[in-house]
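Dropping the structure in here first, questions after.
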Amino acid sequence: MKLQLATWQEVEAYLQRSTGIIVPIGSTEQHGPNGLVGTDAICPEAIAWALGERYEVLVAPTQSLGVAQHHLAFPGTLSLRPSTLIAVLRDTVTSLARHGFTHVMLLNGHGGNIATVNAAFAEIYAERDGAPGGELHLSLCNWFAGPRVRELAGSLYGQAEGSHATASEVSLSWFARPEAVKRVAMSPRIAPSGTALCDAETFRRRFPDGRMGSDPSLASVEHGARFLEAGVADAWEAYQGFLAGQ
Amino acid sequence: MKLQLATWQEVEAYLQRSTGIIVPIGSTEQHGPNGLVGTDAICPEAIAWALGERYEVLVAPTQSLGVAQHHLAFPGTLSLRPSTLIAVLRDTVTSLARHGFTHVMLLNGHGGNIATVNAAFAEIYAERDGAPGGELHLSLCNWFAGPRVRELAGSLYGQAEGSHATASEVSLSWFARPEAVKRVAMSPRIAPSGTALCDAETFRRRFPDGRMGSDPSLASVEHGARFLEAGVADAWEAYQGFLAGQ
Amino acid sequence: MKLQLATWQEVEAYLQRSTGIIVPIGSTEQHGPNGLVGTDAICPEAIAWALGERYEVLVAPTQSLGVAQHHLAFPGTLSLRPSTLIAVLRDTVTSLARHGFTHVMLLNGHGGNIATVNAAFAEIYAERDGAPGGELHLSLCNWFAGPRVRELAGSLYGQAEGSHATASEVSLSWFARPEAVKRVAMSPRIAPSGTALCDAETFRRRFPDGRMGSDPSLASVEHGARFLEAGVADAWEAYQGFLAGQ
Amino acid sequence: MKLQLATWQEVEAYLQRSTGIIVPIGSTEQHGPNGLVGTDAICPEAIAWALGERYEVLVAPTQSLGVAQHHLAFPGTLSLRPSTLIAVLRDTVTSLARHGFTHVMLLNGHGGNIATVNAAFAEIYAERDGAPGGELHLSLCNWFAGPRVRELAGSLYGQAEGSHATASEVSLSWFARPEAVKRVAMSPRIAPSGTALCDAETFRRRFPDGRMGSDPSLASVEHGARFLEAGVADAWEAYQGFLAGQ
Amino acid sequence: MKLQLATWQEVEAYLQRSTGIIVPIGSTEQHGPNGLVGTDAICPEAIAWALGERYEVLVAPTQSLGVAQHHLAFPGTLSLRPSTLIAVLRDTVTSLARHGFTHVMLLNGHGGNIATVNAAFAEIYAERDGAPGGELHLSLCNWFAGPRVRELAGSLYGQAEGSHATASEVSLSWFARPEAVKRVAMSPRIAPSGTALCDAETFRRRFPDGRMGSDPSLASVEHGARFLEAGVADAWEAYQGFLAGQ
Amino acid sequence: MKLQLATWQEVEAYLQRSTGIIVPIGSTEQHGPNGLVGTDAICPEAIAWALGERYEVLVAPTQSLGVAQHHLAFPGTLSLRPSTLIAVLRDTVTSLARHGFTHVMLLNGHGGNIATVNAAFAEIYAERDGAPGGELHLSLCNWFAGPRVRELAGSLYGQAEGSHATASEVSLSWFARPEAVKRVAMSPRIAPSGTALCDAETFRRRFPDGRMGSDPSLASVEHGARFLEAGVADAWEAYQGFLAGQ
């Protein structure tokens, strides 16, 4: 069930049976020679929409922009400052809490968002502390870090999976948007590894084509279908545990 | 050409032939008994995507959340504070300008965003004033206010068009998302009119089912197809004029 | 009744009979060769003070600085960032609401403030949403857009009225400050037209002497007296309607 | 020379002979039973306008709102948060510096502004540090603390001068606005003394009628004329020293 | 009693007998040729710790960074923007108030902090105004301005005390950190005097070795011991008066 | 070499041989029945000071307050909002970069700071992006996560180490502050485990005495001495690698 495609009366009815919601969050940033700029948003969105269909959980609109400061030296990257993303998440959660939602799970597709999302949770709890307003629980689930997804990536790609513009995320994004599959040869086949904790110019010097430790030429739509299933199973488990207070 | 479905090298190539981009912006808010919560984002997104396909203009990810404070008493509405949306737009434009984009047109689907978008433009110009950085032009185009769209709405619905949850926007959103068409009888047929410049509780008292002056039961997918064409023509004209410095 | 000339006991007594107040807001910005830098503040202030005298409505101090980013390439212009003006209006309204004022009408003299004032209203409603605090209604009245004022300007100047540094506002400011009348020949007689939605340097290139589409050499103190009467009638009507909940 | 009554060409001409400007700043807050809510803005404005006339120094519009948090339990008080006033002063100074002003002196009428004005100066210097932009000097002059003013107040009122709603400021405001003279008996004749560094409710308990240690029934228009002369001499001396780099 | 060395249960027990706390606040900034960069933090910390030991008052961790913008042209200076320090103090006080502390006294070692601390107090009172939350009193005590300290400095150094990098503060910091005593000849013996209200580059031009009007070669550990006693007596008197509501 | 105990000339001399600096950062928060409120600041400070002595690396003052929102239901906890800590770190780094420091390593003692520190790094890089200013590298080192420290904790405590108020950090803080050793029996011996990603009231319900999964009654000063050595070796290795650009 997509929030964008519901009427307010349907949301009102949903709240009678559940006060949980999933918010996909990604990034708009370079993903190497054959990865889509929207990869990090498309992947969690695809998993969230599948959850919405299969389990009738409500799915909010995808937050497509994230914190991608270190990718800004590559054209097409859009980055929010951490302070901006904190404000966006605060307003989103505040709106949801006003309607009676008590459990908000962010389904995230971008490692660079993790720090800011956790900072946002602390900021939100701080603002609400001592103020009127009911119970509120916040949770972050990174689809790419779930146990089934990690196992599948390991079995398919081993060390060539890498850490940015990976074959797993490229596969899933292609499965979700088959019209955008790109076939590009990689040189070197496996990109250099290293840390992304640096400024934009340094990042581009370290990782000239944008990939980090990966060989996304291994990606395929067929793999993407399997990553979707793994991601759905991981995320549903996480969501169920979250609702159960674990 | 969707930014999310491009690689960074494709964006780099695009910048060789054009430094303009369209950013759809909407809202996630109640749209009455048969209108989708995502109406205001879906409509400009549909027009922008059509522009992207027909004219090869680059289209950024849709900013699905807008300023919808006065709709917050209806479940499902998500609202950003104006200060938050200003920050989002500043970061978006700053990222684009870094890559060399010089003309950024927001294609907007929500009247309640107009004030904040214009405030954001002034804030962005203020921040850049006197700082290093090249030429930058910003423009706002409201699809619902274009001449062809207004004429079509007038001819189809007359006074029953209203000003929120209108038959025109419901039609266009249904055309873009036919799986979400809802058939709901309206009572009264035409909703009460008045001003939306008030707080959330007052708004709900004034407009009990969320509509303002409209009869969206007149909406249809067929009308939506015509609104798409009218909107594409209006927006393309606006974008061409913008690039030409008019 | 001017707030600045009252004692707190007189304000306390006023609140027994009315909880409405008018806040003049303008800008400090170039107004062409014969217009005063303070035009946009002086005009609504003059109308508000007349309302205060004739109808015993309380008038707050004038907010003389507004959002004038695009005029900054002309000496003498002072501009607040939108975020700053939002904070000023929030603090002003919060102070008034603390004392029991329920209806605050901004009487505005600057088109460039409209977006930010409306954004500020949404920001204020958002901050108060769900927090303790009583009824609050906010309204914006642009003196230059009232029906009687527009009709008078049309009859006196026709197309030569223009949109910035207009003969109507120059007339009213001269009537309010006759010691500052300036006689300057205009060249060309009617200034070029166009959009002010651009940065400061672009604006100055488009509008070399600061006027937009106007011939303010038509202005006179006598016209100013008539604009005052028209403006008072328009604003009083708007204020009455506002108090009546229309 | 009042900025509000000048054209931009007149400001341009002024900058040829001087790059200094005076900005009056006050507060809108209760001043006891016979003092005007606008006292703190009216006093420095009167002195600044006299300086403008006598010495042809440019005078900016008065910043009528200041930090008056502790007076908020008295109706009519309007208070800016310190963070808001810092933003206002930053934008004002940034605008002036853009035009080439190098010396900005705030002429202040409210003790409660001193801390925030000094904080704003540090904030402005921090923002400009290392950024492009020319020489800039900022100065704060409190009219009520000048040597001639203090001597006059001592000779006229001795201990009955007090520290808020003083006879000296009431006198000067009455001289500047003789239409607003109020005759009110004080009880007790001299108000209690103490510290204003507390919250609004505590302040009102400590100082029930708003005065602090003063007997403003001693005020008169005639005294006001003498305070104007003393204030003009003090402020002119301060401004001259400021321009001379002392 | 140092907060950092207590357990939460010990703090809970403390709150049964007292709801007052002392927060040392200083700066990290150049203090001339023989003064420590940490002087302004070390001095109030030493006094606060002595108070904690002798009178069992709880002492919070020292806020070592303050507003030192004008010292930034000297290596080693760290400066917070006023807006940052306001946020730090707001969060500190909000945390303390949540636990039931009602009286928070800042024991300050840096003149440049005074403005911002007072601005922060107004900001904190403004945020709490009208919101739920109990009694809260805030106080600022500048150790260097206490009567006993001033008398001792006058008797030991007379005019050579100066106003920055003074012999009194250097003495006290050496007494607190004897391992860091530096013997450096001063040239000129007494540094130039003037105002620190300027930007960093101007400050360094005015005060080439960082001292203002002082001869800190007069400092000694023995003097430091006497300043500690004077400072403890002054601060204890201030704290007692504060708790007593004076 | 402690920055607080240096003169500015000594810092100037240091910059001739190194442009790296270590900034200890911790938190002020409950650490269970026998752990100090200052544990998270004391531990990295002790390691940093040892590095400063042994290797002559410059050590900035400790940032003693961190993000401890979820500990606020225990008396004595002081928490900064993430947005506040971001501002503090931005100002600290900006000051250091102005002096020519190019490598700033935060040595952190609190898991709850990691997200905000990483968000701050992105915010700092975003602010500097495109602005004038030289090379800058930022790094975060968590002393408690170093390989030698983890191995030692595993060998000494196994599963009883836990994740908050751990025996390892209590040991190190006791070694650094032996005067504050507390002997308290734990009940249950090993505290419950779970997630700290919740609000303050929920955290206290989950972890009634503040510990998470730990048995800090195993702590000892002797263990602390070993943790210091392990922490020094881990942090020195991290710092060396950081300077070498790894």
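Per-chain numbering from 1; labels A, B, C, D, E and F assigned in written order.
One rule holds in what follows: a contact is a pair of C-beta atoms (placed from the backbone, for glycine too) under 8 Å apart; a residue touches a chain by one contact, two chains touch by 3 or more.
In this text the structure is predicted, and so the values were computed from the model without any measurement.
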Smallest number of contact steps required from chain D to reach chain F: 1
Chains touching both chain A and chain C: B, E
Recurring contact interface, reference A-B, options E-F, D-F or A-C [over half identical by residue number]: E-F
Chain C against chain B, contact positions shared by both copies (same if over half, else different): same
Furthest chain, CA centroid comparison against chain B: E
CA centroid of chain B to CA centroid of chain E, Å: 54
Chain C and chain D, separation of their C-alpha mean positions in angstrom: 24
Multi-chain contact sites of chain D, meaning residues that touch two or more partners: 72, 79, 81, 83, 98, 129, 131-132
Chains touching one another, given as label pairs in label order: A-B, A-C, A-E, A-F, B-C, B-D, B-F, C-D, C-E, D-E, D-F, E-F
Partner chain A, residues of chain B touching it in the complex: 2-12, 15, 28, 30-38, 41-42, 60-62, 64-65, 72, 74-81, 83-84, 87-88, 90-92, 95-96, 98-100, 177, 179-180, 182, 184, 210
Chain A to chain E touching residues, read off their complex: 129-132
Touching residues on chain C, where the partner in the complex is chain B: 67, 69-70, 72, 79, 81-83, 86, 112, 114-123, 125-126, 128-129, 136-140, 197-200, 202
Chain B residues within the chain F interface of the complex: 98, 131-133
